[in-house]
Each structure stands twice: as C-alpha cells, then as structure tokens.
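Which chain is which? They are A, B, C, D and E, in the order written, and residues in each are numbered from 1.
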Amino acid sequence: MPEVIADPGAAPTTGREPLLELHGISKYFGGVRALHEVDLELFRGEVVGLVGDNGAGKSTLVKVISGVEHPDTGELRVRGEAVRLETPRGAQAAGIHTVYQDLSLCDNLDAVRNLFLGQELAGSVLRGRPLDRHRMETQARALLDSLSVKVRSLSAPVGGLSGGQRQGIAIARALVSDPSLVLLDEPTAALGVSQRAEVLELIVRLRAQDRGVLVISHDLKDIQEVADRVVVMRLGSKVAEFRRGHYGSGDLVAAITGADESSPNPGGNR
Amino acid sequence: MPEVIADPGAAPTTGREPLLELHGISKYFGGVRALHEVDLELFRGEVVGLVGDNGAGKSTLVKVISGVEHPDTGELRVRGEAVRLETPRGAQAAGIHTVYQDLSLCDNLDAVRNLFLGQELAGSVLRGRPLDRHRMETQARALLDSLSVKVRSLSAPVGGLSGGQRQGIAIARALVSDPSLVLLDEPTAALGVSQRAEVLELIVRLRAQDRGVLVISHDLKDIQEVADRVVVMRLGSKVAEFRRGHYGSGDLVAAITGADESSPNPGGNR
Amino acid sequence: MSVDQSPVTAAAAPGQPSTPLRSRIAGGFSGPYRSIPVLIVLALIWLYFYSQNSAYLTSANITNLSLQIVTTAILALGVVFVLLVGEIDLSSAMLSGVAATVTAQLAVKSEWPLWLAVLGGVVVGLLFVFVEALVIVFGVPSLIVTLGGMVVLQGLLLVVLPPEFTINVGGTDFAEIASTRIPAGWSLALAAAGWLVFCAVRLSRHRARGTAAAPTALVSVGVSALVSGVVIFGVVVVLTQDRGLPLPVLILVSMLLVGSYFTTQTRYGSHLYAVGGNREAAQRAGIPVARMVVYSFLVLGACSAVAGVVEASRLLAVSNSSGGGPLMLNAIAAAVVGGASLFGGRGTVWAALLGALVIGSINNGVQLLGMSTEVQSFATGGVLILAVAIDVVITRGSLLPNRR
Amino acid sequence: MSVDQSPVTAAAAPGQPSTPLRSRIAGGFSGPYRSIPVLIVLALIWLYFYSQNSAYLTSANITNLSLQIVTTAILALGVVFVLLVGEIDLSSAMLSGVAATVTAQLAVKSEWPLWLAVLGGVVVGLLFVFVEALVIVFGVPSLIVTLGGMVVLQGLLLVVLPPEFTINVGGTDFAEIASTRIPAGWSLALAAAGWLVFCAVRLSRHRARGTAAAPTALVSVGVSALVSGVVIFGVVVVLTQDRGLPLPVLILVSMLLVGSYFTTQTRYGSHLYAVGGNREAAQRAGIPVARMVVYSFLVLGACSAVAGVVEASRLLAVSNSSGGGPLMLNAIAAAVVGGASLFGGRGTVWAALLGALVIGSINNGVQLLGMSTEVQSFATGGVLILAVAIDVVITRGSLLPNRR
Amino acid sequence: GGDGDSGNDASSGGGKKLVYFMAPNTTPTRYIEQDGPDFAKALESLDPDIEVKFVNGGGDSANQLSQANSAIAAGAKALVVVAADPNTSAAILQAADGAGVPVIGYENPPLNGPMYAQVIFDPYKVGVQQGEYFQSQVEAGAFGDGPVDVARQYGNKGDVYTTEMLRGQDEVLQPMIDDGTLNVVCEDYIKDWAPDNAQQAADQCLTKTQGDVDVFLGFYDGNASGIIAALRAKDVQIPVYGGQNPELTGLQYMLTGEQQDDVLKAFSVEAEAAAKITVAAINGDDPPSDLVADTVNNGSDDIPTAKLDTTLIHLEEGKDPGEVVQQAVDLGIFTWEQICDGGPAADTPTCQEKAG
C-alpha cells in the first residue's frame, strides 16, 4: 500500500503541469513482470529519488521513459501530451536525457567522442558536417573538470579507463545537451568520494536550472540529501512515495524491504 | 609519503608468513603509469581495504594479482614463493579468487552456469564430464539466498538481469571455490541495502575462515567497518597504510585526495 | 518534435491479461525453443513447393533431399562449433575434399580396409585444422588463417590427387557408404532404442529433482516423450520407404546427437558457450580459452573429413573440384539460418540440420520446378532471404523491425 | 600447482627505464598508427620478392601491381564501411559485375555518354544495396541477406547480359577508363596541390589550438609534412615512369581521401564507429543506427559499381564471369589484413589499400617466380598467413600469444 | 600431383627464349596434366633453346591478365593462352599486341583481339558429332518407339563453350524436337560444369518425371559421371549419352557400359600443333600452312586457325568395350593402368585382361 501519496495540490509544484506523467505502466520480459501498473509524476525543478531493492524494476522504468524499452500497457505523457517514445532518439527530442546504469559507452571511441556522441559540434551539412575537434576537446576538459573526473588522455579509447572514469564520462554527457528532464540510474555507484560529492552538487544545480531530475540510488543518505520526493518500488510496483521531511531512513528501508507488511515476501528465488 | 606504515612485527599477524607479497610492482599502459612501485602484504585471516580516487590504480593492482595483467616490473610472492601468474587460471591454482569490477559474466549463459563457470560440478571424464545440473541448481539457490540476491529464473541468461542481481551472482562465485585469498573489486557498488549488508557479513565470515580478503570500495564507512588494515593509493602509488583503530575518516579522505600535501595535484587532466 | 513521437491513438486497455501473449511468445522462443520458428519456416517452404509440384513430398524426393543435405549439414555441424567460440572458417569445404581424396587413395588405390582409410582421412583433417587453430590461438584472425588455409588446401588437393586428377570410387566398398540402406525393421528398432533412452533419461532427471518435482513436470516429461516419439518414428517411416534408411542420414543423426550431448550436457559444452559469449570473462573464470578454440576446430576437422567422405561416396568420385563450389558458403549459411551467430556464443548443433534443410529444401524445390537458370537464381536467393525474414518475425513476435 | 606458475628466474631488474619500450610501442600502434605494422610487413614482402627476382620492383611491375589491386582495393573500401558498422557483405563482387554490365550496355550498346552510363551503373549498385540494407535493418543477418543477394545477382547478371552473354568494350570510350595515363607533369602538379592542402590543414589546426599549442606540436606538423611529401612524390614519380599515372589509381586515391575525410573528420564517421563499437549505446545516444547501416551499404554499392567499371575497362569486356572468382574473398581479406575487424568498430579506410597491396603483392610475386600451381597455392596461402602473423607480433610488441 | 610442371626455377633461363603456357584454372585436369607437358616436350624437341613456363589463371580473367603482363615484362617471346574466360580476355591480346608478343590461342582461345594463330577442337563440331550419333541411335530405335523422353544437361550458362556446343547439338536435334520425335523432359544448365550439380539436376529430373526418362544427354564426361552417380544411387538403368573431353571416369563408365559415347580430343596432337605454331611465331614466320588451314573471326579479327579433328567413340551391341576405349588409350589420353586401377572398371573383363 502506498504509505504517503503526494498530493499534487499540496505539493510545492502546485498548479504546475507535470513534466512527465506515467499511468499504469506495465512491462513483462517473457514471464517476468518487471513493472506493474506504475504511476509517476515529475515536475520541473524537482528531484525525485527512485529507490528499491535489486531487481525491483527501477532501471526498467528508466528505460521505458527513455524509449529503450516499450511498455506493454500504460500511458506516458510529456508536458501533458500523450507520447509513444519509440526510440531513445524520440525521447531525446522530447528533452529527456538518460545516464544508464550500464553507462552505454562506446569502448572503441575516445572520451571526447563519447561525451559528444550523437550531439557532436559539427560544421555545415555542405562540408559533410566536419567535427570541431578543438572546441569539443576544450569543452570536454571543462566538463570533466567540473565533475572532478580525471582522465589522463582524452583521445584514448574509453575501453581502457577505470570504472569511475567511465561513469564520470557518462554523467558528463548529461551536461552537453540541454535536456528538460534528466534520468540518472545509479550515477555514483563507481565514483570516488570527491566525484560523488560533485555529482550530488550537479543534481542540485540541475534542479536550480528548473529541470526535472529522476535519480536512482542505493545510497539512501544521498537520496535523502538531494531528493524532494522519494518513490519506492518493490517487485515491479510502486509501493510508497515520501515527501522531503516527512520520513526517516527507517521508513525508507521498511518500504524497500516490505518489512512492515504482514504477508511473506511474495518474490524471492523461484 | 606513507603516513602509517604497518610494522609486521607488531601486527596481529606476527610471525606468520604473508599469504601474498608484492614488491615494487609497476604497470604501464602505453604512456599511462597505472601502478608505480607498489608493495603490499596480505596475511591469512585478514581483511585489507584498498581505497583511492577514481583511476588510482586499484583495479589494475587487483588484475595484476589475479593474473589478468602482467606487471612490467616487480615481484609477486604467494606463500613466500615467487610466482609469475601468467593467466587467471594460474592465479586460481594458487588459491586466488577475484570478483572483478566489471563482473566478468557471460551474458549468454544462465545464472547457474555463470556461478559455476570453470568450476562446474561434473561427472567423470569417461562420460565426457556430464554436468550435474540438479546439484548445481540446488547449490546456486542456496548461495544466492545466503547473499539475499533474488533472481527469478536461474535458467535465464544473465544478460537480462538487473545490475544488482548481476553483481550478486559475481560475488556468489567466490563462495563456490575454496580460495585462500579473495579479491573483491567494489563488490557492493550496485547492491541494495540488505544485499550490501550480507556482503559485509560475508567478508567477515571469510576472515573467520582464516582466508585473506582484499576489498576495494569507495564507501569509506564500509571499509572502516570491515577492514583490519586500509591501504590508500593515489595516482598509481601506495601513499598510506592505516591499521584499524589508528585512523579516522578524515585521515582517509586526506590520503585519498592528497589534500595534506603542499605540492599541487600532480595529475588531473593533462 | 520528431516522427518517433506520435500521440497514442489506441491507449492500452486496462483490462488486458497480465502477461501479454506477445511477450510470452517472444520469451518462449529463446534458448532451446529457438528451433521452433525455423521449423515453421521449413513447413512453409515444404507446403509451398508441394503446392507447386506434388512430387516434392514423395518419399523418394524426401530421401533425395536428405542425401543432398547430409554433406552440408555435417560440415555445418563443424562450423557451428567454430562459430560458437566466436571464430569463423572458410577452409573446411576444401579440407573435406582433401580428406576425401586421401581416404579414396588409401581405400581404392592402396586397398586399405575402409575403416582404416576413413580414419586416415579424419587424421589428415584433424592435423590440418590443428595447425590452423594454433595460428588462430596465436592471434591471427580466423578469417585470414582459414582463407589462407583454403588456398593452401587447393594446392594440397592437387598434390594428393593421382596424376589423372580423379579417383573413381564407383563399385568399390567406398561407394557403399552412401548407398547402404538400413532396412526398415532395423531402422525402427534403432529409433525405438534411441527413443527409450531419451525417455529414460528424462524420467530419471525428473526423479532426481526428488520431492521438489511438481506433477506438472511429470506431465511435461510425458508430452515431450510423446512428441519426440511421433517425430522420430514419423521421420524413420518416411525415410525407410525407399529401400531403407540411408546410412549417411544415420551418420549425420549420430553426429548431431553426440554433438548435442556434448554441447548441452557437459562441462566442455558450457565452456564453449562461455568462450563465445565473453572470451575475457571465460578466461578470467579459469577456462582454458585457447584449448577450447583448438577443440572446436578439431571437431570441425573431423566433421569436414566425414563430410568429404560421404560426399565422395555419393558422387562416386573425388577430383580437383572436390570441396569447391558453394559447399563452404552453404555450410556457413546453414549454421546461421539455423540460429547460430557469427558473433559467437549463440546457437545449437541442431542449427546445422535445420539450416541445411532450409537451404537444401529451397534448392531441391527450385530445381524441381524446372525454371530457367536466371529464375532459379532469383528464387533460391529470394526464398532464402524470405525464409530467414519470416524466422526473424516469428522469433521476435513482431512485424516491426527492432527500432533503432 | 600448475604450469602457469614458475619461479621467477630473472627477477625484474630495479634499474629499468620508467616506461618500458615494449608498452610504449604497443600503445603507439593503436588508432591512427595501426597502419605502421602493415607497412612494415609490406616492406618485408617486397624485399623478399625483390631478392628472389629483381624484376619485382621495376616501375613496370609496380604499375602492373597497382592496376591489379585497384579493383580489389576499391571494393575493399566499401567492405571496410560495412565492417565498420559490424555487418558483413558477400554480394558486392557480383554486384560489381552487374553494375559494370549495365554500364557497358548503356555506354556501348545504347551509346550513352560515358559519364551517364557510369552513373547508371552506380545507380543500379545503389538500388540493389539499398534493398539489401533495408532487409538487414529489418533484422535479417547480413551474411544471409548478402549471400542470398549474391545468388540473385548471379541470375541478374545473365538477365542484363545480351544473348551472347558478353559485351566487348575494346576500342570504345569505356576502355579508356583503365588505359588513360595522366602525364608525369600533371600528376606531379596534382600531387603538389594535394600535399599543400594537407600541410595547410595541419597548420591551421595547429593554429586553432592557439596558445595551448606547444612548440613540439609545431615540430610534429613539420615532420608529418616532410614524411607525407616524400611518400606522395615518391609514389607519383615511380608510378609515372611507365607512360604516366594510371587513371584507376587516381580514382582509387581520390575515393580513399574522400572516405578518409568522412570517417575521421565528420560527424558521420564518428557515428559509424559508434554503431560498430556498441550498437546499443549508439542507439541510446540518439544516433540513427538503421540509417547509418543503410549509409554504409550505400557506400559499398557505389564502390562496387566503380570497381566493376574499372575492372571491365581493364579486361575490355563484361561476361557471365564478371564479378566472380576470388574477388569477393580478396576484398574482405584485404579489409581484415589492413586492420578492420569483422566484429565492427575498428579499422580505417586505408585498410582497404594496405590489405589489397599485401594480397596483390603476394600474388604478383608468387606468379613472377613462375612456380608450379601447387607451390603457388602454398606460397600464396602461407605468405598471407605469415604476413598477418608478423603484423600481429609487431602490433602487440611480443612474440608470445595473448595468454589465455 | 602436378609433377608435369617444369621450369620451376625462378631465375629465367640465361638467354633461353621464354614461352608461357597459360592454363585457365585447375578444374579441367588436362592442361596441367597433359597438354602442358606435351607442349613442353614437343617444343623442346623443335628448339632446345626455348624454355616453357607454366602459369595458371585460377579461373579468373583479371588474374590471367596480370599473369600475361608479368610474362610480357619478363621478356616472353610468345604466349600460349587457354582463356579463363574467352569473353573477358581481350585485354591480354591487347597487352601482348602492344608489346609485340605473339599470342597463340589454345583450345579455349581469347576473343575480340589480334592473335597470331589459334589451335582448337571446334566445340560447335563436337556438339554436332554428339548430336548426330544420338540421332542415329534414336533412329535405330535404341530407346523404343514413339517420342523419346530425353533429359538434357548443358554446361555453365553463358560460357562460350556451352553456347557453341549447344549450337552444334541443336543443329541436329532441334528438327527432331520440333517434329515430336524427341520430347525434352528436363533441361538444366550445370553451374560451373560441376559433377555434383549434374547429379542433383539428374536427381530432381527423375523425381519430376517419376523416373520416366528414356535417355540422358549430357555435354561432357563430368555431366555423365554426375548423372551416373544419381542413377546408381537409385538403382535404375537409363542410358547416358553426350561424353566429350575424356576424363578418367568417362572411359571407366564406358567399360562398365554406363556411358554410351565419348568425343576424343587428342591432346598431344593439339599440343604438338601449338608447339609448331609457336616456333614459327618466335622465328617471325607465318603460321605453318599445313596446320593452319582456316581463318576464324574472333569478334574483331580474322585469326589463322588450326581446326583439329575429333573422334567420336561409342559402345556397340556385341562389340568389346575394351576395343572402343583402346582408341583413347592409343591417343595417349589415359593409360590402361590408370583406367583400371581401382574404381568401377577394375572388375570388368577388359581390365582383368589388360591388367593380367
């Protein structure tokens, strides 16, 4: 049972149209029910935390929003308009940028090319869209520095970079475009202490720029720190929603593990 | 400068031969110096934490110990005997088991096959080493349950599993063999709250079984909790070593970032 | 904003079943059920050609077909092993010619006993691929090694052939490999034995699960026994109509069964798939990757020698054109049509049989219709592509391409 | 415990240089420097054959060689594009035959102006690969589509050929494509212009870096200008000895330059590598993957039409054998020898030239030595494998195989 | 193996006159095994100062062209060319013409260009010969009364040789087809002339007609051997006609009575003729007029041509097949040892006798 359902009328987002609305989204993989009738709203200038146990369906939800996976049922609205996001390209056109849990980098390309993948700074069509390598490099360095990501060579294939460096590049990509909604799937998992702080900083900055942010993390402390609203998923369903200040860590853990419910864990192995 | 160098003579490991010794290990990737003259000792029944910023060389060090990468200089001793670990197979034969940061799972195989990869329960050579699928499945379920990892189907390819489920399987592999030394490279990065607790629990259990454990993590709280000794790396060099109870979080962070040193950060971009 | 976004016209109805059929189908055709779509495609091909010419499904033509595909299928079996570990091969068809020539030399000219001569051919096949595999393991791409190997084998074929460049094996023991027919009685007995073993294994597996085994599992054992029985006996009855079961078919089936056992039930098979799926991970798990690559090439070598011997016995001769022609590409295509991936780690040994059947059925049917050469080309190429396209549609359960 | 562990006999000396040479070399041959080992191998091949027969390096033979490889290299250029996005192609050689036949029909029989006829051939090439690419994008493996396409094209060739199955282009404008020689003066002027543009671009790039540009970077600009100048003028001088620079060579070089510009300097090129490197990631980054695959096939179609026209003009005729023979496998092998990967995302367009040069040099040399057919086969296959093996050793900077 | 090849030494014979014998591919055995060595032997006896080099085009015109260029560059005095594909070999002629090197076409000569001379067994005439013998058999009632159901197999579609032979066969057979004496139940072009394709075509023809075929008529011995393999596998007896360009299998199947006829081409005669013409070419003489009696237009030029005669041999009721095959042995095409060593003919009375 949802424990605290945010009442949009009372929220700080009062009267504003949601940037993103999901209604009754379900998704099956063969026999596995990854998402079950999930509803979600996200407003401009708001950070929503998405938490849940491993395999709860968080990444699947993100993939549905970013056009990678297609929901079996349900409806998706961007700025009030029902859309069918057929491809990630479509989602990007709708202003949605995603940092995926698996990073989705091209290991054979260097850091600069990965950073600007699909949004290269290029010349006119007439000249065959020549890359402005110099400007891209300069910007890349600035972006990575702003996240404290240290990459020794910007022109070496990212396949050889460390886990944290790779994650840093994936996150920095969100800064290249100008999205109205940013989805971050466990953005800090592989990051060092200072990089992690920079990313939390970044999230706050994105909110200040009036963008919507959906962030997934297993670090409840981080979530409590940055999220205006926390949505909890369990076994594919949304089970709870908390607003900042109206919950404690215990509430979150209880909702994640389903400890408060009398029924035994309906999932588990087999 | 190493801040607190453990004196083996005074350590709880007194008089015992180290399980693993590294002397002056260096490793270059093209022009990048990933490891520089690293020395390390690891004893039975000891948990050593390895921390450092992104790109500090932690994973490279683990790969050198597990036979994946070959050091350019330096010497490696297992149980006092100098060895050259040419392949991961060789390292395994020496009793070293590694959980890699990139998990190293075969996405096309199911959970059971991944768990027992290379150490399948199989019949006699005469019958062509038939797999004992039934026993493997039973054991796999038990292993995953012990880590609270919930995988709905043990016979679906792991390519479709969630990030945390995949990491759970990678860690559970360490329990299949009977290694004397376990290397864990950021084992909890993608794990949920309860799974993370189980893994910390597991590390303690491994120590109790008198095995050596080397664990890498960016979560300093976890490290402080389980590690008997913490080794700090920066830019490929070992810069500090602390023994349990002799340091605070501030010391760690300072060593990691090099904040205490007067010289400016020698690395960074370019 | 872009064509990719369109307003939802028919919003999903709320009352849908909990697991949509489509996802269930798509999920169901992975893994061991991957063969089902190919079988459907095969049925469509057969139906089509039968509707064009009813001679297509006579038992005589089915026997024809089975003999026409045997060589391709055996070679494709070897190719599947090599594809499984993520390598490719271009030399095995030529190798089959060389191995067959050596066998013919030994059997016909040197008058060795047939089994020893065949063994000689197999040894030649194994030796050659062993050298190739060593070079591949050293780090040279398999495409180059086997392409170079193919050129070398073209020369080798001229060397092992006698000066008159052909050995006619008609009328010798050698010719009987292809012409031997196992009488219906024996064939049925063999089939029955095989089927009983299959059922016994399934049942014992079921028992091994012990108390955990649900009654539904028992039902599934029963169903699979029934289905397999109908298929096995049906095929045997059809193929024995025409003077008995051809020996080459039995050879092919035995090789497939052995291959299937090793790839699915043993440690060795598990490692093959691991190497093809993620070579780095397999190596880190302590699997001797190089050795697995060598093993799979050795299987290829043995298969190609057997394929060459069967083909020579069917053609009653070896010559300097042995192993040439479209055999190599057909074998690779058969493996891929059957579901093996060029990128490694996917496919079963049955891919070899199914793919060869699809390709062979098309060739057989097209030729039966007696069209002109040009039209035959169009039909052969077009139907092949169409067949795989239908397979793709059924497998993913949707007409729409994977959106990219 | 295992053979993998051996006591360290010669423990690493403490006084080693900080960056061992081996790692530095191995690191240096990745990316744009990937071609250097292939060049070394090429030099070795040339040296070997020259030592066997000094006629090998006469300017006549070098011109001969350059004409021999042009067709393969142009086709391989198209193949590189397709390999870059992780697909494969088997049909382009046959397509080159069909496109050449169409061109010959239009130019010789219908008496269209040559450029229009060539355009017609190119359009045919583009149309055919476009259809193939659509099917591939739909989800059918490219191996199957292009194999089927090849069979269809074999029929199509018989259809587009006149009833006598050949068109003789000797003595027509068409024949002049291959026989035209650009006089030494013009060739040198062209080369000088090209070289100046190259230097200017490098210099302006250097300027663009502005204050950040170190003086060492300026030195490297100077060195690269010098080296490229020596290479360009050297090649032109050698190739113009024999009546001037052959037009086909100029066509090839122009296509390579355009291809190189697009793959390395433009957005389009970046996307090609991304699609080949990680298709899923490319798609998620918003790259129109399907469109990129179609584009790369279109490049292949254009290349194969040009290759066919050049080949027909060189042979002075098209016939039912046009596009057959070893051309297809040679083109794929050339791409792979030059450094492209069958698994996508690796290689440069220069791979086409270098690989074709390696293969062509071997063939040319082996033929020059006048060995018997068998020995020629052994030498051709063996040297090809050896050449790539040497390349592998130089590239990884070690004789030892990747330990697995 | 090809130990018939000679002149392997890389260093071109000091001062010797180089002649290149350019074989098309390795599929027909004769050029490597018979024509080549015979040619070299004949040439050597005519002029010991000549050195013959052998190259093999591997079935690819482009490859053959580059071989010709290499040969010219190496200082060849004459090229003897069996074209890999006559239709696309004009460039060889042009290159040789440009360098002033005479080209002697051989058996399957290049088209559409100037040539010194050529030696051929006219494929058109071979087709006529096959057709005429077949016609005589039909008229003799060898396949019973009424329309004769004949299954025809041709060569690779589009090849010059196929087109020419078919023209010859049809010259004789078309009237019979038109008047209903012959009923063609199947006709197949055999891709690449390959026996296995011939076998499959025969298989499918028998399926289609439910075995209702009175006779098979092929194009050469390779077709026949494929057809016979198909018939043997089905255990049916249908006569096979249309042998040509003898291969070992063809002569063996004539001994076993499964192949009815064969058109013999005396390779050694052809090689000798080519040798004589080559010597004349090198010496700058006209082609020897006793040999080179005709001219043939090859598309662009009138080429002096030596047309050699072919002999049709065939089985006959009551005649010892050994006698028939003896003619082939006499021409030096194969020896009895080769014909009788293993294979289907080993047990025939003829072989028992010859081997004994």
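The criterion applied here is as follows: contacts are C-beta pairs under 8 Å (C-beta built on N, C-alpha and C of every residue); 3 or more make two chains touch, one makes a residue touch a chain.
Source: prediction; values computed, not measured.
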Target chain E, source chain D, minimum contact steps: 1
Chains touching both chain A and chain C: B, D
Copies chain C and chain D touch via same or different residues, half shared test: same
Fitted rotation between chain A and its twin chain B in degrees, CA, nearest 5: 180
Geometric centre distance via CA averages, chain B-chain A, whole Å: 29
Between chain C and chain D, centroid-to-centroid distance (C-alpha), Å: 34
Centroid spacing, where centroids are CA-atom means, of chain B and chain E in whole angstrom: 73
Whole-Å gap between the CA centroids of chain A and chain D: 43
Overlap residues in chain C, where contacts from two or more other chains coincide: 30, 154, 158-159, 283, 288, 373, 404
Residues of chain A touching at least two other chains: 29-31, 87, 89
Set of chain E residues in contact with two or more other chains: 1-2, 26, 32, 157
For the chain C and chain E complex, residues of the former touching the latter: 53, 55-56, 58, 60-61, 64, 67-68, 108-109, 111, 154, 158-172, 175, 178-179, 243, 311, 314-317, 319-321, 324-325, 363-364, 367-368, 370, 373
Residue ranges of chain C in contact with chain D within the complex: 88, 90, 135, 137-141, 143-145, 147-156, 158-159, 279, 283, 288-290, 329, 332-333, 336-337, 341-343, 373-378, 380-382, 384-385, 388-389, 392, 396, 401-402, 404
Residues of chain B touching chain C in the complex: 66, 68, 87-89, 92, 98, 100, 104-109, 113, 117-120, 122, 128-131, 134, 155, 157, 173
Chain C contact footprint on chain E (complex, rising order): 1-4, 26-27, 29, 32-33, 157, 186, 188-189, 191-192, 194-197, 199-201, 203-204, 207-208, 210, 225-226, 228-229, 232-233, 235, 247-249, 252-253, 256, 334, 338, 341-347
Chain A-touching residues of chain D, taken from the complex the two chains share: 30-31, 205, 208-209, 261-262, 265-268, 270-271, 273-274, 276-278, 280-288, 345-346
